[in-house]
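Just passing along the structure, written as structure tokens.
Going in written order, the chains are labelled A, B and C, and every chain counts its residues from 1.
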Amino acid sequence: MKGTAAASAHSPGGRAPDPSAIGQASGAYQTWSAKTWRRFRHHALGLLGLAMLAAIVASVGIGTAVIPERAAFFTDLGALRQPPSFTHLMGTDEVGRDVAARLLFAGQISLTVGFLVAFMGVAVGTLAGVVAGYFGGHLIDTLIMRAADVLLSIPQLVSLICLASLLGPGLRTTILVIAGLSWMEIARLVRANVLRLRETEFVHSAKAVGCSSGRLLLRHLIPNTLAPVTVAATLTVGNAILTETALSYLGLGIQPPTPSWGNMLFNAQIAIFEAPWIGLFPGIMIMVTVLAINFIGEGIRDAIDPRRLVAPLGGWPGQVRPALADDSPASTQGPYG
Amino acid sequence: MKRGGVGVPRGPFFRGAQVLVAAGMLVLAGVISPTLSAPQSGGAIVAAIWQEPDFLSWVVGDPCYSCASIMQALFEPPLQIDNAGNLVPSLLETVPTPQNGGISADGKTIKIKLKQGVKWSDGQPITVKDFIYTWKLVTDKETGAVFDQGWSDIASITPQGDLQATIQLKQVFAPFVYKTLADHYAPWMPEHAVAGKKFRDWARAPSVVSGPFKFVEFVSGDHITVERNPYFMPRAYLDRITFKLVTDRSAMIAQLKAGGLDAGIVLSEPDVISVKGDPSLVAYAEPGNNVELWLLNQRDPQDLSKPHPILTDRRVRQALLYGVNRQAIATNMLGGIAKVAVTILDNSSWFNTALTPVPSDPAKAGSLLDEAGWKMGAGGIRMKDGKPLQLTHSTTSGNQLREQMQVVVQQQLKQIGVDLVIKDYRPAELFGSWANNGVQFRGRFDIIQLGDSIIGADPDFSHFFFTSQITSANNPSGYNASGVSDPQLDQAFTCELSTSDVAKRKACLNTAQKIVYDQVYQIYLYDRTDILIANKKLHGIKHQANPVAMWLGNTGQWWVEK
Amino acid sequence: MRRFIFRRTVQFVPLLFIISLVGFAAVRFTGDPLAVYLQGGRVSPEVLAALRARFGLDRPPFLQYVYWLVAFVRGDWGVSFVTGQGVLAMIAQRLPNSLVLLASVTVTTLVLAVPVGIYAAVRPQSRLANVLDAVAFLAFATPTFWLGILLILLFAVQFKAWHLPSLPAGGMFDTRTGLTLGDVLRHLILPTTVLSVVGVARYSRYLRASLVEVLHEDYIRTARAKGLDGRALLIRHAMRNAAFPVITLALLDIPQLVSFAVVTEQVFSWPGVGQMLVQHAFRADYPLLMGLLMATAILVIAFNLLADIAYAFFDPRITYEAG
């Protein structure tokens, strides 16, 4: 058994394993991240996504700094639903505001929602997952997982309405609700990884040798869990933006006059037959942003785990089959919306 | 050759002649029929509603306009109300009035007489026993009737045979004939069909009805189907109507355009703009009784025992009225269909014609605010005693048109130095009761925008303004949520409610309207238009000035081209 | 394993209890069930008080919960504030409609995701696989209601305007023709498409990733070395192992779909549970919301347990016992 473990502790580069590196992902921990970055740099899709996202963030950032806020909020009843023209590059909306300017300011809000939700979801989810997984089988594991069950059981709509009543509707409530429903998937993911790692041969053998399980777990946790969590995090950003859109559709999104891509899309409905461009641009922005983020996630995932591109020999030490853990996005939109 | 009937010629020649004549008639019919617009009997239509009724009887359930109307097709009231606001007999032979002795001099005794031969949809005759049964049903606590105005004022009903009865009221109730014999809350329930059953269950599927259509099925979440009632005279033209629930506005318009729907009921002004130019659709838009208005809180939202720090000053209220450009909103956002409002009685015959719409005048607004001590501050917002002129504006969240209007108004008021902060709530929270900490009734607002109207066809709107109706811990169901307390206004309303004489009521109501107008206790934005969009092939649609009947008051006269 | 199952089953009841408690508190914040009666001032205070008593709202909140709990335990899920009908009956009436949609989506997803996933796993660098990948990405990125409305505009409105055979724009069946299988299938096409788009994308990717892993496992290479060849045979062997994680995930997704396809049901006016949730949440219909909550809770807990069992069953190295 031990032999097999050693034999499978191959890095794709094929170097002979360094005994002190038993149980480590591939090579020394420090160069692992360098290797990962190198692989990412060669991943076309990931780079494309990064470029797209950079462009979006830059245009939103620069745009909102350069263009006066007034431009996005100024209603002009004389110029309702104008098609794109030189004065209004993307036309005007249902109350005469410039769509392009509004799109940029809405981007600020939507991107904030996306990233904050992902950050909070990952932070809470990772913590919960690590704790639950490490103490797998004990009371605290049960408590955490059942708490997740409780939150999952309450329909998202009810949670949102309830929180909106308590905290008042708006940006803060929206972020809290979506984040509150995103952490469960990540927790489950992390917990599954931790459970697996607990049982791997190298952990057992390392324990036998005398390493403390806590430190060991941590050193192995990061490379093994980082991949799926990062991927899940990027998917959470996308899903948060989409969920905000769905909430706007139900009338529970960001309140006027604050623009968000979601509520721009919702408000565009009233004029969809005579002025379809009002909804077209926010819709495209949402799609492009979420696409970019998903590309980045894909790039990260492939960079960390290149076996998908190259057929390896053996596998990661202790790596067990379910790729499912790597792949489960936090789908708070509901898996099907 | 067969033996024919008497006088029928036989033989090939006559056969040929018959064929020729028949053919000739067919040709003639083919030529004439496209130009005939006589109603054709038969056909089934699908009409869309965006909200489902809770029940199909007015006695219980939510009074939503778009769904309450379906009951018009099923139940016929004893009296109808025509577009001029006059009462017209329907099931009754005549309208009881003081002049014809139908209403006694003291207003407390009313005599009614049913027409001969009026029947329920199962062929049973409609009698005054059903009237008595309905009265007992409505006033019985077990039923949980929601609307008992007028009905609860009845002291006794004495039948004289099957078709006649004398009603004795407990006290004078001027709108009795309107509210309880005509209008939406008047139709009787069939005793022989309901007795012994749980009314709430029966009301979901009324087996026996009195209107032009009878009930077929109610599939919750999907549709309600009704078909022609053979016992209702005059017979309805249509075979059946299906009221389909369509929850998405764009989908409804899409279905109208694609022909999947024959009509969309209770739509709004922007919907008319969406179907403009579509040759297959007709938009019916008529002024209704609903008015989009602002409640201006006269009490401090933080402490209801204190007056509002900003809105108790009449000049501020007037400034708000001058500062909002209602005409621009009506022209641009509402497609020019809606009219700027003056009072809540705008489209009724009780409107005080001496009052005219106030034009937008930001300069005047500015000077009024200056006069009131609100001086323009650095950030473009007026200040007084170090406090900014900031007001929260609340309406129903998720209502696109209102949210858009808020943004426009926010900008218009910014011009005159008012900082409007938008704070929207879902309807269940905005209109929640005192016990539930609802925003409106707890006074947790500065300005609320909502649509409201007079109750039924009766012009009384005192419930908004009576001092005795102020919502408070002692009176949690009071409707005067703004906390308006004006002794002269109280007097005008008391005068109006105490008499059945139309002329006197009109005079008192004119006074009441003028006081509200001068004092700007409420800001009336625009008169909401009742809108129905239908396929060209559907004819006979007529608007009822009655705010509850609206479009479905004459479904019996609808017909569709084949 | 058996101990694990036993433990989780025992947790079921207390968990439901906690959910009902948290849920009851949450539901009470959805607003006032009497709000609709208050507009217009038509309803007298006596009637309002009577309504409040009828709904049990005059009792203190905790007592309301106790009454609800006692009734629930006895199988009485209460009566809706809005329709006066039994909550269980209402849910039972709408559930088949959502299940029809769910079944349609599941079948479509399965039929499309499996071949796509297999193909992408077996020929990862091919153009088709890349195209499918791209489509999958697009699917993930599209807002649901936007896609739904665009599909309606295209297939229901525009196609009709261009005199092409068009699809219906909403509802479950055409009331003019009545409830026929063909009619329901026609009405299912657009909502199923919207919901399947993301589903197919996800599951084909899961399957692909899972299959790729399995295909590179030692035992597969051994089998190949031994001479067992033919793609089909390998796929069958590999699929058996690769399918498990996907199934596990599907088990987690099912309860979500039953009541959470809210947006799609709203856009297409589909008379299912999701639509009922929206309509009644905005009416603050406490008993119905509690009923939906409990139904969802039961499903979620049950399917989570199934998923955990499947997961552990599939990989014996995972134990849920204390380490």
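The criterion applied here is as follows: a residue touches a chain if its C-beta (ideal position, glycine included) is under 8 Å from a C-beta of that chain, and two chains touch if they have at least 3 such contacts.
The structure presented is a predicted model; accordingly, all values stated were derived computationally and were not measured.
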item: Chain ID, smallest distance between chain and overall C-alpha centroids; value: C
item: Of A-B and A-C, pair with higher C-beta contact tally; value: A-C
item: Euclidean distance of C-alpha centroids - chain B vs chain C, Å; value: 39
item: Chain centre separation in whole Å, for chain C relative to chain A (CA means); value: 21
item: Whole-Å separation of chain centres (CA-atom averages), chain A against chain B; value: 49
item: Chain A: positions in contact with at least two other chains; value: 161, 165, 250, 269, 272
item: Two or more partner chains touched - positions in chain C; value: 30-31, 149, 153, 266, 278
item: Residue numbers of chain B (touch at least two other chains); value: 250, 257, 426, 429
item: In the complex, chain B residues that touch chain C; value: 44, 46, 51-52, 54-55, 60, 62-64, 141, 144-149, 152, 200-201, 203-204, 219-223, 225, 242, 244-248, 250-251, 254-255, 257-260, 426-433, 435-436, 438, 441, 450, 452-453, 455, 463-464, 475-477, 479
item: Chain C to chain A touching residues, read off their complex; value: 11, 15, 18-19, 22-23, 25-27, 29-31, 105, 124, 137-138, 140-146, 149, 153, 194-196, 198-199, 202, 205-206, 209-210, 212-214, 216-218, 241, 244-246, 248-249, 253, 256-257, 259-264, 266, 277-278, 281, 289, 292-293, 296-297, 300-301, 304, 311, 314-315, 317-323
item: Touching residues (chain side chain A, partner chain B) in the complex; value: 73-75, 77-78, 80, 94-96, 161, 164-165, 168-169, 250-252, 255-257, 266-267, 269-274
item: Sites on chain A touched by chain C in the complex; value: 135-138, 142, 146, 149-150, 152-159, 161-163, 165-166, 192, 195-196, 198-200, 238, 242, 245-246, 249-250, 262, 265, 269, 272, 279, 283, 286-291, 294-295, 298, 307-309, 311-312, 314-315, 320-329, 331, 333-337
item: Touch list for chain C against partner chain B, complex; value: 30-45, 47-52, 54, 57, 82-85, 90, 93-94, 97, 149, 152-153, 156-157, 160-161, 166, 168-172, 174-176, 266-269, 271-272, 275-276, 278-279, 282-284
